[in-house]
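One chain, chain A, links the two complexes that follow: it is found with chain B in the first and with chain C in the second.
So, the complex of A and B:
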């Protein structure tokens, strides 16, 4: 007998679409190395039923989730396992975050202070004694070196050196630079400006861009993350209304702006979501549709291995970067097997996670060393820190490689 | 008759439902030598096939004050003696726009007359307390309803009876009564697994066989006029509501939604069925429709929540003795002394009633048995907590909560199911802690405990003892893992495979009436997994054929 309930009984509760096939757990990088983590199926849809019964059934092991979302990529039923876990951590997990987590999570606040006194901070953070103190007092593992801060922020450089020139272009995009390009590695932002200018696009920045909030989300600072996200959505909306696409250089920022805002913070970003794109995807689409042509330096030679960061895997966008890189005549690009490097943003910095973080990345590190490549390329800045710390390779964002390989003059000519 | 032995007991209790188990416990606590006999497993009849509602009595207040008073009194007793089986959720009786709001004041007055706390609350307050409730409601009354796990309750009663010397035989069916002149002096039992016959002697025999008590009485040559009334229910995939939700109107179909453990239950329907359908009743599409339609009136979210399965049970309704037509059916407790009623000594019957009043029924019949045996010890079951509820649960108080949160999943599940008896489970190794049933957080150690201490003999028994296979996947992974543990506990290959096949069949039987949407996806995946991955397609098929 057919009733109206028949079509309705596809559950509206996403976790109930889990068929318990356990593929997510098979793909989870943490389960393999850490017996204290219950695995995505148990931590996500299984645990959710118990947490609904009584929040005390919250499993403390959930803190070991990397938020890599590889479980969601693997799930054949479209269950948002990673989101369920992230939300459970925020709702049922320990309420008072550790001082360390607050410091690690506030990448933009800490970054804007640190860049002012960068030489002092960088030297200090590299000192063995300081690392030991941070290990003991804060729980930041002493094996780690905090990322170095730049002495001039990207935004400062842009205002002084680049902003005026951008008005010469007829077409423009808005660049969401994120904390890493702004505070730690402004060269990435400069590379993007170079590349976009070469293909005839001017670059705008948002007014008062905030951190995308991913570090706050994973450290349970939902209120702060929501405040930043609302501000960013507002700013992105203005950019889109002006006719700009929003481009990014960080895979995690991209993924956060597009998906986490809605799924984890419950904010409506539907009017801007489709306009947010990784810069390589934006450029690839222009090239593919024939709107833009690229010319590369004839003397450029590179052998590099591409690492698909977890959130690129989740976005399904590695194809854009790799196809662009393969267009460079002097490029030999090797694909690394898609696996997590273990750092997962602030996760790997935490003392309790260090050993798991390294164990997760071990097969990847070994693979890189065996290939003997000097350059690994990936869109994720924290993967960069992890791989550079754990292997002898240097890690570059595909945008930086493209910026190095591009023949600016010829490209300009081609796109006139 | 090839009876093997003739053990002597003071009392033989027939029926392993709540009433039988409660009676065995009561008799044992009063110092009697007890044998409890069950033809299948504990709680396989009406006991395990209802809402698991800890009635406040409010539902009966308007129509049946006596039942209402019994309910609220037993409700308060169970909160004390069986706290690990009870969830103190409270309940709402909601009035929807199509209901008569005037009924509410009659309802509240009747509740108060029966001694049931009943307070009218504003619709907004009801929505705040229970966000899943139909937002169209125009009135609500809060009452002390709750949830009770009937499987746990029976298990705890049996365990306590055992601790006080009772013996227990499951999978033993009464073949016949042993009669000497006008006296029942024992029963001949047939082991339903081996076919072996066994004669036991008892000074008194208690018929606590629920609806099957009708047939049992006939074997003794006495007549009890019973009317099987089928009630169907649906199980939803998670806890939609945290308070019981009822309709504030005259009791009707599908107007109670109960949160129980990890799920929610909507029920019931009520339909008279013939005796030959008692052992094999199925939920019909029409019943599923009514349950869904009415359920969504209580909590609209039900319309888009995954349904796990459907099941039905049979209420043992008894016609009054002076009314053989069955028109004047009572839901109250019926206790017959067949010596007085039919001139047959040695046999008493306890029936009617409901899960809520099982303890009171046990008290009544034990009083009668004691009077007949000249025993003067009084009943203490209202005061003595059941095993599992003897001490304050670890999860209470600030420190306790913190400690509980830090436990691993399997240990948490065990505390939730066994209360203070969880200490007996003893997780000693990594393997002990490993989860057999992930949906319901059942560890290997808990499985062993159920086999060794709680009389579980097969997968279906394990489901009733420790919720194995009751979760979202309906047993597709855990059944295989549990089969492995059962094999380690001495089952043969053939036993294991037959057991597995009948378990998978039993699960499918419940899924079938609701096999669409997410449920059919799961069922197909299970089928593919057993057939394609495990190569077990052939063990399942013969049984399927039987069912068709």
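So, the complex of A and C:
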């Protein structure tokens, strides 16, 4: 009964399915703090009707959308409101991006330059005077500390220290490390290698992995994003043909590779999409099906609060990480209410957004402080920066916690 | 992923059924595609307005009506259980089975209701309507509340009624986004001193009044905002429902979901069932859009996907169908019979829904599936609008399904 009509009657991003119920607006974290933002219903399907007639109806207020997709999670009618807004920004927004946005968006280029001279860059970016200059000239808010760069990239470490050993394993996966693990926090990649090796999986890297492209997408650099995405899809295809699953540690990279490539960039990733998985989902499935057993250190103790990042919420995948974390005997895991922390990647770094970014996150920060937890755990690196800047908690990726808690020797024995 | 029960649908039916089962120690997962019709809540639950005949005779007169299947002798118990579950979730409902009270609709009509959230204006009967002056106080620029409608409705009943509008600097800010001056935004702004300022403005426009009626926009900023306004205003203060998104509905959805999660339930937002697997005539597992080939297995499954708004039912030129399981649906084969010409007439499509047996089990291609139940508005046979039975059908079928799955009766005393 269905195929005859419904499959042939789908408007772009389901925008005609909007019933104007305004439920999305009730769940938009930006509307809550910034009356200059027209809200997801108005910015999305409502505005789209006008923009289709005449692009001059484009509302500059759309720049305040932080691409969290919580409107899509809330929509009862399956309208991809966030995608409509992202595409409208790309099509009708300012054509020449600001220098600042180009710098913020090119996480891989900036990262590969910065890691070479990391100590200099890190010190410089922390200097008050430099922050002021960046604030005035570039529009990067001076309250922010730019994320520190590592002096050795993850990929360099991997080639030198880990690559050879990976061939000893019969089974393997390909790791899409993303910019954060490569340039800012290689320890996360190292933790994943430790964990996967312990359960009997070797790790491969893609050849010439590019940034997933999310920062370019949200900053309007669609051409560059498409170029990187095509390269990544090709490389992922090769990995899948070799029989590898592709695992990730960043929720936003995962979401971009799986969904934004198709929905926003219009690329066909259907043959690789189902093989892309957050590492916790990959490991959970092995554990659930009995193919892998985990042994944890008896002396491990931790009290942590789980923060459901916006793109994890959209993926619906928090259950994998939280279920694994709850398997650790010494772990007390508290669930934070699901809400946006306000950073949304490069969004919160921009001077014009700083105030709203902090206002959006305020209830979450207060909740964390009230709980008095030392550790917050989340799969998103920019949430990590935001929460660490705005609370006294330290933020760890679930993979890093698992890597710390796991008893490598015992786990190896169990999985021989 | 293995659970005892999997419920498709996270609205009132899915949550009531899930909470009742989780309180009895069953492990339940709710798969919820977008927010529910709770966001249109008037703050009242209706049981039966009498227009559809006598409730006692329903088994003879309308044998396929959900109440005939549930059995009217159980409604009082379900009524008490509903109040009990709502109270445990933090929502106080007043009213009793067997005696409707009257509540005020957003356009000023008095409607019979069964249970109503505290704070809303209700009377036992029309003799109780105020003898003195009533002032209906709106908020300037608020798009979803029309004081004149409410006042006109009351004047028709002989009540002396005035209207007024107030504003405050904190609310004026919201008007910058003129299209988004909505209840939820106003409610969030009503926190701290703003609450007392509002009370003062209300006092200034309601001299000599016996009763002040305000739009139901309280409780998302400061939880106790309405109580504080009521304490400061010199006469009685009550609220009247607004158009969607309803603040009381947003709160109910949040509180019931939080309670379900607190009981250990798994709530999967923004996801929907994509396929199911049958094993020996029973549903063995379902797969969802977000989780791909990770199957969710359970002993029992509940279809609580709602009616047309919730997409539990879909209509196309060929007929009406249930999109998840392709369950058998009761509807008129002749499409001309679906609607009446006047919008105010009884609309036959209101009664359409899935066919159920005496245990609320669903059939697929005329074969009853022993572990697949239906609850809520997806069940056919009731006209929620004409009979005033929407919420009553939802909660009674949801609680009956919970009892069918448990194999025994729920009672208030054995639950916390």
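Here is the rule we use: the second predicted complex is superposed on the first by the 403 of 416 C-alpha atoms of A that agree within 3 Å, B and C clash if a C-alpha of one lies under 4 Å from a C-alpha of the other, contacts with A are read in each partner's own complex, and residues count from 1 in each chain.
Rule of thumb we're sticking to: a residue touches a chain if its C-beta (ideal position, glycine included) is under 8 Å from a C-beta of that chain, and two chains touch if they have at least 3 such contacts.
All values reported here derive from a predicted model rather than from experimental measurement.
Of the two partner chains, chain C is the only one touched by A:27; chain B is not.
Looking at the shared chain after the overlay, A:270 reaches neither chain B nor chain C.
In the superposition on chain A, A:57 contacts chain B only, with no contact to chain C. Of the two partner chains, chain C is the only one touched by A:315; chain B is not.
In the superposition on chain A, contact of A:38 is made with both chain B and chain C.
Judged by the touch definition given at the top, the superposed model places A:289 against neither chain B nor chain C. When both complexes are overlaid on chain A, the residue A:18 reaches chain B alone and has no touch with chain C.
Residues 1, 5-6, 19, 21-22, 35, 38, 42, 46, 61, 77 of chain A touch chain B in one complex and chain C in the other. Within the complex formed with chain C, the residues of chain A that make contact are 1-2, 4-6, 19, 21-23, 25-27, 31-32, 35-39, 42, 46, 61, 72-78, 274, 281, 285, 288, 313-317, 319, 335, 337-338. Of all residues in chain C, those touching chain A in their complex are 1, 33-37, 39-40, 173-177, 179-180, 182, 184-185, 188, 244-245, 250, 258, 261, 266, 268-271, 288, 290-294, 309-311, 314, 316-319, 321, 323, 326. Residue ranges on chain A touching chain B, taken from their complex, read 1, 3, 5-6, 8-13, 15-22, 35, 38, 41-42, 45-50, 52-54, 56-61, 77.
Across the complex, chain B meets chain A through its residues 237-239, 259, 261-262, 285-286, 289, 292-293, 296, 301, 303-307, 395, 401, 404-406, 408-409, 412, 416, 430, 435, 438-439, 441, 471-473, 476-477, 514, 516-519, 521-522, 525.
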